[in-house]
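Multiple structures follow.
One chain, subunit A, appears in both complexes that follow, with subunit B as partner in the first and subunit C in the second.
So, the complex of A and B:
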């Protein structure tokens, strides 16, 4: 029997990351980076944001957004390195670096949100 | 190369490789009449008839159906029967054999690799058991035909393999046209070969080499959209992978 690829695991994370990043990040960046500083929209005060983050579902959603975005980056950067630099022979270390970074980042984000 | 002063001309720089005469390829420049209705293939035929009968290239239908006259024109893979000279004028046209394939002679490439890959995906209707003739034909609704019709339009011209940077780097990649052809049968309601083809397609040399550059669909003269076929199959393959890990008792192996 031919060995089927395990690429679908990473590709699924990549695809999910692409979707959440495209849907959420422009809106988040626009609000926190442009609309609030320029006072187009009233910025939420510290207490109400803090209250929002006390809801575990909000923290879970934030974790999903940042973690999946990181896996999206990892997958894309891995192939950018392979195809851009023609370093197919470094397959294992490149994958370890890219996905390892995303996993470490996810762990850091999870810990930060948990101990928040 | 006699041209009256009135007739405009265009230069073709043609890749030449005659393995019995030369170790390295060279380029010959031919000046041909620049006519509004002439395509690159007409110019090559003019060269062969009037200027140099030794020039070798493939062609047959000269109307975008047979898929045999694909070549590189100024670095782009095109069907030369559909590439008008006037769209390159002024300036010369560099005509080369399709990129990413070994050259057999002049503008003729060796198709062996593609023929082997096309066969590997089993491009025919696979049924569990053949229906006896007296039970009549296999019926399909127009919607069922639409599912695969687009992927059945491929003429095997190989422009997509020439345009694919992944195939250029990884010749083991099964490639755009073979995957689109596999989808042509996978999506056919009469076919039951999806599981068999998945062993070929869901591998590192199958769809998972593809990084969705999309050039294959850009150059396809029949709008088959191989890149779309591959993306669609990535979803199928991913669903199957998760199912086999999370619900192992539902998969056959």
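So, the complex of A and C:
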């Protein structure tokens, strides 16, 4: 019997994360990490951010963004080490580390966003 | 790859190890590795975004402390580098999409350039939407 591969599952998460990251992250990083700190743009004040994040739909969207981004990293970085840098002898521990980190991060994100 | 428990011959021991910097000699290879490395920028910002929301959740003092860190030269440099990697990710991702997905409308195949244009249009709309959301 052929052992069923779980690669398509990780690939689907990688793909979804790639789309979400490509669409959302440049704008978000540019604002929170560059334009607001350097005062190129007026940063939102604390109350309006709190109001924004109080919305469960916004927090759900943030969970999707950060979690799928983490799974995107996990899959791509695993193959960067494997195919890109040819670190093939550590395949199993690398996969465990990458997917394990993404799962743990998702759990932490879900918990902290749920208890906002 | 499985080998017998008592097998003396382990082929992987004799495979030549690839030099880890094999890609440094040619721009096309460097670009490949840079594209692969964009995932580090993606996960970096995923962590920062979650910390950002958590700082707001923890109260005004925690948020002020986090904002102060975001203004530090270290943070600005990290974000500036990560920004270029993220844009590189977006461009390479959208450019590859027409090769990865085939869309049909009725019996007709949607051409690659249409998919490409739709991708970039969606990127612009999402970007404008996020700016509108955060700068009010």
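Throughout what follows, the second predicted complex is superposed on the first by the 103 of 116 C-alpha atoms of A that agree within 3 Å, B and C clash if a C-alpha of one lies under 4 Å from a C-alpha of the other, contacts with A are read in each partner's own complex, and residues count from 1 in each chain.
The definition used in the following text is that a contact is a pair of C-beta atoms (placed from the backbone, for glycine too) under 8 Å apart; a residue touches a chain by one contact, two chains touch by 3 or more.
Keep in mind that this is a model prediction, so the values were computed, not measured.
Participant: Can A:86 be said to touch subunit B (first), subunit C (second), both, or neither?
Facilitator: Both partners, subunit B and subunit C.
Participant: Under the stated touch criterion, which partner chain does A:26 make contact with: subunit B (first), subunit C (second), both, or neither?
Facilitator: The answer is second: A:26 touches subunit C but not subunit B.
Participant: Please determine whether it is subunit B or subunit C that touches the greater number of subunit A residues.
Facilitator: Counted on subunit A, the partner with more touching residues turns out to be C.
Participant: Per the contact definition in the header, classify A:7: touching subunit B only (first), subunit C only (second), both, or neither.
Facilitator: First partner only.
Participant: So, does A:109 touch the first partner subunit B, the second partner subunit C, both, or neither?
Facilitator: Only subunit C; A:109 stays clear of subunit B.
Participant: Applying the document's definition of touch, where does A:37 land relative to subunit B and subunit C: first, second, both, or neither?
Facilitator: A:37 contacts subunit C only, not subunit B.
Participant: Under the contact rule defined above, give the subunit A residues that sit at the interface with subunit B and also at the interface with subunit C.
Facilitator: In subunit A, positions 79, 86, 88 sit in both the subunit B and subunit C interfaces.
Participant: Would you tell me which residues of subunit A are touching subunit B in their complex?
Facilitator: Residues of subunit A touching subunit B: 1-9, 11-12, 15, 79, 83, 86, 88.
Participant: Which stretch or stretches of subunit C touch subunit A in the complex?
Facilitator: Touch list, subunit C to subunit A: 12, 17-18, 20, 22-23, 32-33, 36-40, 42-43, 45-50, 52-54, 56-57, 60, 63, 67, 70-71, 75-76, 78-80, 82-83, 86-87, 89-90, 93-94, 122-123, 126-127, 130-131, 133-136.
Participant: Give every residue of subunit B touching subunit A within the complex, in rising order.
Facilitator: 165-166, 169-170, 198-200, 202-204, 206, 208, 211, 234, 237-238, 240-242, 253
Participant: Where on subunit A is subunit C touching in the complex?
Facilitator: 17-19, 21-34, 36-38, 41-44, 46, 48-50, 52-53, 59, 62, 65-67, 69-70, 72-73, 76-77, 79-80, 84-89, 105, 108-109, 112-113, 115-116
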